[in-house]
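In the two complexes below, chain A is the common chain; its partner is chain B in one and chain C in the other.
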Partner chain A sequence: MAAPVSVQVEFGGGAELLFDGVKKHQVTLPGQEEPWDIRNLLIWIKKNLLKERPELFIQGDSVRPGILVLINDADWELQGELDYQLQDQDSILFISTLHGG
Partner chain B sequence: MKCKEGLPVLIIRAGDAFCKDCFKAYYVHKFRAMLGKNRLVFPGEKVLLAWSGGPSSSSMIWQVQEGLSRESAKRLRFVPGIIYIDEGAVCGQSPEERAKTVVEMKLILQTIAFPYHIVSLEEVFNLPTSVLQPVSQGPRGFENTYKEAVDGFIQQQQQQQQRAPEEGGGEAVLSDEQIQEKLRQLSTQDPVGQEEVAGDSLPRPAQTTALMTLFSSVKTLTAREELLQTLRAHLILHVARVQGYTKVMLGDSCTRLAIKLMTNLALGRGAFLAWDTGFSDDRHGDVVMLRPMRDYTLKEIAFYNRMFGVPSVFTPAIDTKAPEKASIHRLMESFILRLQAQFPSTISTVYRTSEKLVKAPRNGDAAGAATARCLLCMCALDIDSTDSATAFGAQTLERLAQKLSPAPVLPTGAPGRPCCTKGTRLQPGCCRDTRPSSEREEPRASFIEQLCYSCRVNMKDVPFLEPFPPYILMESQCRSQRAWEKQEVQEFLFEESEEEALHPLGFSPQF
Partner chain C sequence: MAASEDVLALQAEVALLEEELRLLRQRLEEATAKPFSRHAREPAPLPPKAALSREEILRYSRQLVLPELGVRGQLRLATSSVLVVGCGGLGCPLAQYLAAAGVGRLGLVDHDVVELSNLHRQVLHGEAREGHAKAHSAAAAIGRLNSAVQCVPYAEALTPATALDLVRRYDVVADCSDNVPTRYLVSDACVLAGRPLVSASALRLEGQLTVYHYEGGPCYRCVFPTPPPGESVTNCADGGVLGVVPGVLGCLQALEVIKIAAGLGPSYSGSLLLFDALGGQFRCIRLRGRRSDCVACGDQPTVTRLQDYEAFCGSSATDKCRSLQLLSQEERVSAAHYKQVLDAGEPHLLLDVRPKVEVDICCLPHALHIPLSRLERRDAESLRLLGDAVRKGKQTIQKGTLFPIYVICKLGNDSQKAVKVLQSLSIKELDSLLARDIVGGLMAWATKVDPTFPQY
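So, the complex of A and B:
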């Protein structure tokens, strides 16, 4: 049983194009049986926030290669990537590195 | 963990964790090491920074700014300027969106105290043909000249310190003043510079239409991207020449260059990889293109920009939201990135391979001065069109076979009656025009002859020559005219041989 969690989801580097141009989203994830980790967050984002072209953001059960994920301004690789358990008031940032130069 | 005390915030490569401060030191050091190792930027030289608004070029400008403002011993020593090219027309942006983007760009450019030039891509229609003519650079002994230049510069600074120690502040302030004053002068010239090159911030609608006609006539996204890169390079080169910049810094990162290397192999540019992906690109002769960011992965750049607040503006590009198989560039990008996700040493391996590529001149040519250059990409023509075993030779044969079938069309003048008087300039279609009929009727055939292999392959996707900017068409005509004239007078030219070098009249004197 996971309690509802309130997190800030942010998009940068061009990823916001897939979300109607909105960069910051303050979301409250509802309580559910499975714990809220990044993997489930991605599923939730795909269902509720992603407006178009899911294949440009998500590949399989992870993000598309080329999209960086920062959890509280730190690399998600240091936190266990998809298995990191979300905590209240966390800030998750998705930066697309595939744009510009 | 490098420093054992800070909190790790990021992992680079296979397992190096960095804390924030260590990462900053590492990042800044890499930039200066890249410039210092290559020793190509001389003190006091004018360097143009190409800014697209994206993260890599923004980071590059930020590093240059930081580097110029340090204490004098370790300070970067060149004089920068920035160029931004507005490509909104080919990326499907409306004039209002373009104006808005330019305003955002200007806001950032004004916080950086370098002179800047905002140019729209439509300016390619005003370029002169000199852009396509490489200027040969005299030979330079690099090592000694660089060291001498740096020593001379330091000496000059010290002399100035000694000359006026009583003028307020400390000696350090005075030597700083030198560069700062120069920058300030350039900044005040800025509005003039902008007017000279760009005119108003928005181009004339006729030119925008012409540009969009050109790009929409190209059939594939691959060819469109290549064309865009070519035009962009020409425009940057022209601005650099006009404004007196001798070096241009491009913001290509390690990731991008690895992708570019593989893409160029697929496009048939294998012979020019050293120029396309190396640190320095001297194909234009007088203006050298540098890539100081080539050691940074996109991940490092994105993290640095986020952590240290480097401003960048997102603008849609020509391939935004394009599906994966839309062009060779996109396909290669997704291939490399996906491979990198599973094998984290992919990009660094490709990068290290590209470092080993050497620019070798062709056999027997002295500094490439005599070789013909491709009309569009200005690399040495790697052609041996008589050898049918190569892809190149096969292309040439295929085209000749097509030409043989239609019957030749008679020239404009009726047979027997001259259509011009002696002494007038020969026009295509004139009765005196003795070129083979294929070349006469089709400027396209002679245009293609002047391109390298990959540019020719790209031209397959461009059905019409007319939408091209005038400087390209004019230069093509000029070159084919010159080649034909040379052929015509070939038999009358004296051939150089050993005896004739001694006896210019061609015969040995009788005594």
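So, the complex of A and C:
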């Protein structure tokens, strides 16, 4: 049994608009059998935080193309992507890329 | 005393006439400018430069005394050429600072013309340039700032047919564009031509900046292998942008270009700068490195020539608003038709589904306002308001006939989505409705029916 994990979930670049415009969310993920990873976190976010148009955030079991995921300010690709296991006090940032100029 | 006033008046008149002459010359140039082609206007490579002139020393003295730049860096700047893709909110401040710093040559690409709604952020263009090509307007402004900088305006879109040729002629490329297909096109062209790419973007109150394909760093495709779905991309017209935000990003972009051109090296290769203007925060994040399996810059690239980027991205290479077609012809009316409904005093309800911030800008006073987002989430309070209005309206028509609702938004996209929502509702008050939307929305109302109605 993994203990509850407290993480900061942030949205930016317009992704926050799918979350009532709220950029920073301090969340506590309940204890569960499996350790929390990004894959589980996405499911949890979809169920608990996402307010509208889930297809603009999630595609399949991952984020949609054009959203960068950053774990403690580093590209998630450097850290195992969906399989990264969340540590207490991690900061997870979802940034929608901008194209305007 | 009288004599000196005469001199001042004459000087002012001369300045005025000179400005007029310059404008005439520019219009002539614009009128005779030929579309960019392989053979047109190929400026010779910039010659090496051994020393600064007395005038150059004075002009650049405040940056020459920086040991990091010095004469060596200034000479490198003077022999560098930079291709600026997009002369808008990013490209204007970028080109301005590059010219002021003494970059040798600027290629200015933009297919668009100056519009009044550009001026709050595209600071090289003035009121007098409305309707003129942005590439020429920017070149004229740069010419006034630093006549030693060679400006090559390309008043057309960068296309897969022209991009590679063009990029090869410049040392550094700045992506100041406003759409997804162009961003992939510029990146691939830079990879194929072996040029570093300084890329920035801005929207609403946020900006992003990074350097691609610099000395083994990642390219755009390494970071974004798959383009985003079209409906997830917001342009400046829909999302809004505070003018100074692209201004800040364009300046930072110019800084990176200057550092690359002068040989100091960039700071944001392999990392991404995020600017949050509302929170007043700059944040730098570490990006992945070059992907060995990248289709453009990987070990075995499959993108060996430029392709059709509009097809690849499923969107067009402009930042113009898209026109959706969700409803049938019978479910839509023109702005002129709605004017007739109003004039005839036919009972109906006008439902304006724009966000409140846009209703505050302008509205038709008799409309009921319920933002699309609330309809989409079936907000109870909004449905109650709508139900009340419909019930009241139904009292004015014969029993058994359908009650007409006309849905309006800014351009006629959201109004179609709202009609779809209304059709899907199964609420007692909201049955026996005939919901239709107004094609082209309030902007069509402004152009076709009421020219005094504001456009935004």
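Points to keep in mind about this one:
Methods note: the second predicted complex is superposed on the first by the 98 of 101 C-alpha atoms of A that agree within 3 Å, B and C clash if a C-alpha of one lies under 4 Å from a C-alpha of the other, contacts with A are read in each partner's own complex, and residues count from 1 in each chain.
Note that in this section a residue touches a chain if its C-beta (ideal position, glycine included) is under 8 Å from a C-beta of that chain, and two chains touch if they have at least 3 such contacts.
Keep in mind the model is a prediction, meaning the values are calculated, not measured.
With chain A as the common reference, the superposed partners chain B and chain C clash. Contacts of A:60 after superposition on the shared chain: neither chain B nor chain C is touched. Within the superposed three-chain model, A:51 lies in touch with chain C and out of touch with chain B [touch as defined at top]. Using the contact criterion defined above for the overlaid structures, shared-chain residue A:70 touches chain B and also reaches chain C.
Only one segment of chain B in 163-171, 181-189 or 325-333 runs into chain C in the superposed model, and that segment is 325-333. On chain A, the surface touched by chain B in one complex and the surface touched by chain C in the other have residues 12-14, 53, 55-56, 65-66, 68, 70, 73-75, 77-78, 93, 95, 97-101 in common.
Taken together, the chain C residues at the contact with chain A in this complex read 86, 88-91, 175-180, 183, 200-204, 206-208, 223-229, 231-236, 239, 241, 246, 272, 274, 276, 279, 283-288, 319, 373, 376-377.
Across the interface of their complex, chain C is touched by residues 12-14, 23, 51-53, 55-56, 64-68, 70, 73-75, 77-78, 93, 95-101 of chain A.
Looking at the complex, you find that chain B touches chain A at residues 7-11, 17, 52-57, 251-253, 255-256, 298-299, 301-303, 306-307, 312, 314-317, 320-321, 324, 333-334, 337-338, 340-341. Residues 12-14, 16-17, 53, 55-56, 65-66, 68, 70, 73-75, 77-78, 93, 95, 97-101 of chain A touch chain B in their complex.
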